[in-house]
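What follows is a pair of complexes built around chain A, which joins chain B in one and chain C in the other.
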Partner chain A sequence: MSAGEDTFTVLCQLLEPFNTAKIALKPGTDISADLNIDSVSVMDFVMEVEDHFNIDIPLNVLSETRSIADLVKVVDGRLVKG
Partner chain B sequence: MHGTVAKGNIRQDDGEFVLRPTPHQNPVLAKVLGGFATLTAGLDYAARGVTGFNFYSSRGQLEHVLPYRELRTRAIATARKLLTTGLKRGERVAIVAETSPDFMAVFFGCQYAGLVPCPMPYSMYIGGKDAYVSRIAGMLKTARARAVILSSDLASHIGEAARIAETTIVKTFGELQAQPESIEKLRPFDVDDVAYIQYSSGSTSSPKGVLITQKAIVANTRGILRDGLKITNDDRAFSWLPLYHDMGLVGFCLSPMMGQVTVDYLSTTSFARRPALWLKLMSENRNTIAYSPSFGFDLAARRINGEAATLDLTAWRVAGIGGDMVRADVLNLFSEKMSVARFDSKAFTPSYGMAESTLAITFADLSKPVKIDVVDRLHYKLAQKAVPASEELRQSPEKVRSFVVCGRPIAGHEIVVRDDNGKDLGERDIGHILFKGPSLMAGYFENVEATQAIMTADGYMDTGDMGYWLDGEIVITGRAKDLILHNGRNIWPQDIEWAAERIEPLRSGDAAAFAVEGPDGDDDVVVLIQCRVMEGAEMEELRRKVAAVVHQTAGVECEVVLVAPKSLPFTSSGKLSRAGAKDGYLTGEIAEISPVARVPHRPSGEARLHAAE
Partner chain C sequence: MTDLFDKHRHTAERHERMLSLGANAVGLTNDRILSPTRAIIDGRETVLAGTNNYMGITFEADCIAAGQEALALYGTGTTGSRIANGSYAMHRELERELAGFLNRRHCIMFTTGYQANLGMLAGLAGPKDTIYLDADSHSSIYDGCTLSGAKLVRFRHNDASDLDKRLTRSEDEGGGRLVVVEGIYSMLGDRAPLADFVAVKKKHGFQLLVDEAHSFGVLGKNGRGLADEAGLEDDVDFVVGTFSKSIGAIGGFGAGNHPLFNMLRYASRPYMFTASPSPATVATSLAAVRKLKAEPERREKLAVNSARLFNGFKALGLALGCDAVSPIVAVNCPDEVSTIAMWNALLKAGVYVNIALPPGTPGKQCLLRCSVSAAHSFEDIDRIITLFGEVVAQGHYKKAG
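Now for the complex of A and B:
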């Protein structure tokens, strides 16, 4: 990922295929509540995120992640850690 | 050389150690298919060979190798460490059941120490921390767990649950490892002792622990190995099933151990992320046995894409299906996609069981293709008779119902089908399925009332399922209870309602959750909410909150329908009638009140049937 590329923008792109109701994605958008995607699809999405950024997001961290902004923090945190 | 292979480590030329999985079979030790007096007797025997457990990472790399020999050594050391934490014989030890050698060491450590292990779920949904904490707390409380053992990443989640449940000993696997070892003589569980408590049953709001004895686990594993799967020396199992579930724990940890079978594991979360890995690893390792609910076959078939052609699934002789209603369309899709990998569809083996019967009750015949009984839908609905559908009727899919034949009970176990008055029913009469045999649980732990509620005077347990006999084989038609089946999981409507009713301004009795059959034959979840707010934006906000809490609690997508106050039906005793609510919804009597809501309801198979009636 290039230095200037925005994590939020990338996450929105990755989320788009799961956003079947075509809801406008904002940092505050609640991934499970607003998008109403089932647990299997959420795992698909998480896998896409992990593969794209080459990071691992454990379940306990996921359980405390609600909004896209939360996920941005998780991804950026994991990227720094390497 | 064999010693090194068994340990799993081989030194390469460059000095690096590479892991090697345990082999298919023991070259010297004779195969004994269960029948040991206890779990520890089974492990003592398996430890004389070189087979065991292998753990693969989420990217398909072999991460840990745990031959039964090493498992036994670790379990005995763990038993001694558990005893210096202050635990007394017979006390309950909750263990978060991640698919890892640590979990195995503590589970079997409890067996050697005379402590009762209770595997706890390791499953969370995005944003679902609170729901997970209250679920675990409920389990710790009903098990009166004195200790809980967990991985360090769950410290804050489980710590909170332990405080609520007043579980005093909370240790990570690492902390337990650092305990000194007791020098007293170990007293493993004996033939007449208990073995473990399984939490696959009961809702989160009132969990019920299934108490399994040594006798029951010995009987069931023996039935699985000998009658059900007819294990041979060439067998090698594969599992991604969770170890806190009976199918994962009994089917793919305790049974293989009791038969010295090697198992390759992929964790459930890894499978959920990369379902195709299941098939790739099975092809590489030439596994012969794996089980999954229908949805797992569906997921893997859809995700394998072009890679199927690179696989060789010819070794796979038992592709067991359990945990949900077996769906013929899914099996067909899987066979079709996997034919290039030379998957033999005769490997499909429907089976039936539940935690209350330790695990297995029936298995279909291994050598025969899946048998499907197509019956007349109207007779099935109205007369509780499974009447074979005529050729003409079969032309209209909405007029027939297809059921999968699930086989015969394992030796020494008995099934009866009874009507509402307790009268035994014969061929093709649909009734309640009851079960009796040595695999039956001792009861729900410290819950006499719940245990008595499902036991008959003549010693049978009511499974809560409905079905009928067909040529000596049992056919399951569905649940008598309100249980929702989703992706192989049991979801209790009470849990959904309970969670929804805590949202302001909802009150107890404002929610009704049930499943309707979706167009694909799977359960779709509908939640009716009595709505007292009348402003459009507020109504949509309420709908959003309910969907969120259902997601965090149960991990399912649901349709939230806002209905008028006082429209939900209640029984004379004041209990919510879910069946009544569902009928009202399907007939349109109870309907969405928001004028702005889209009308999302697609006519399901059931709605069409209602219309036809």
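Now for the complex of A and C:
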């Protein structure tokens, strides 16, 4: 399993409590639009991601992060840096 | 072609749903305002318990006279920005008066409290800096952060150890670091644990801004806010506040002791590129600041009223937004539909409170938010408690959580 897949699996687990409509999660799933999650919940979800990986994901980065795959890239990039 | 309004269809549906429940909680009209605590709404005299008019200062004869005089002497508007034609002697006078009240060397006023946060945050922080903001910050703080272009790190609400962790993670990134908290949080009425944040400040070194929007005039021996109450004013670098609550007008301010503080006047776009507050507004604000200083008994009356409402609600068994007494007493309700129903029932019975629904609330709570005024009589407070009791008895309310 590549690092990318690993991160994807973890993100899906962390996303589960926010995915109230229980929509099937794919790399291309748009976190806000497809799952109908409001902007505050997206920030709360990202906080869980930050804590799980012990990294910072500044809010500025979020405006360009739409899909789960986008977020995988952000997390993996920051894990390498840290 | 994509219709730009497509993204608002969801809001339109939600609004329709609220209207179908017989309430327009976000479009209420006061037909007449009788006093700081009374209005005519839908033809009924209503007790106002959601106005942020903490000092009950909107109908003071001397404030009104000062506003009328300024209107007659200086006209209806300044028609310009502070850095062009919009600075009058009275703007400077109000800034000096506020600096004195706050015991700060410098004070700059803004046209609204919203702009005060935009102006202070975007003036202080730039793209090379990092702002650490409390997760439950007011929208004006979020928007000011965005405008600044700074790196934005959100920490868990009122959690100094979470802030500590995040500061540690990004210790070596360079640039300035600004931490932003609020004196009293507007939705739940809880205070920031300022001493904890100051301890983290001593460990890491950063500049600290406190938005005292709901605590200015309200907390502390001198009414200067949470930092005054906590005895930590020397550890707070910048104070933000608004005239729309305890001052009973409109406008906002930022204050601090930094020798270069006034450079914000030439760096802060929300200060530079908007018209200055109108003469009447400045004059009533000035009179109100002087009144806050001269009449500390307003603050005492507010504290007594707040405790009365808080304890009355506790006795009814309501789940409240926080365990400390503050002029914001928020009742946590089970869900959107019952909250709207209760809000409606309260209004029909003659009391107006604020309704606050997700996503604008912490932890997705549905809130009936009361704000207490020094101008409320004990009878007013008791009536609010009684009416909440009746609404509970009608079965709209099941204890949440």
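As a convention for this text, the second predicted complex is superposed on the first by the 77 of 82 C-alpha atoms of A that agree within 3 Å, B and C clash if a C-alpha of one lies under 4 Å from a C-alpha of the other, contacts with A are read in each partner's own complex, and residues count from 1 in each chain.
We take it that contacts are C-beta pairs under 8 Å (C-beta built on N, C-alpha and C of every residue); 3 or more make two chains touch, one makes a residue touch a chain.
All figures in this text were calculated on a predicted structure; none of them were measured in a lab.
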First, second, both or neither for A:6, with chain B first and chain C second: neither
A:43 touches, of chain B and chain C: first, second, both or neither? both
Partner chain(s) touched by A:54 [first = chain B, second = chain C, both, neither]: second
Partner chain(s) touched by A:64 [first = chain B, second = chain C, both, neither]: first
Partner with the higher number of touched chain A residues, chain C or chain B: B
Contacts of A:31 with chain B and chain C, given as first, second, both or neither: first
Partner chain in contact with A:16 - chain B first, chain C second, else both or neither: neither
Chain B and chain C footprints on chain A, overlapping residues: 38-40, 43-44, 47, 56, 58-60
Complex contact set, residues of chain A against chain B: 30-34, 36-40, 42-44, 46-47, 50, 56, 58-60, 62-66
Complex contact set, residues of chain A against chain C: 38-41, 43-44, 47, 54-56, 58-60, 82
Residues of chain C defined as touching chain A within the complex: 130, 135, 145, 151-154, 156, 166, 169-170, 358-360, 364
Residues of chain B that touch chain A when the two form their complex: 58, 122-129, 132, 153-154, 156-157, 269, 272-274, 295, 299, 487, 544-545, 547-548, 551-552, 555-558
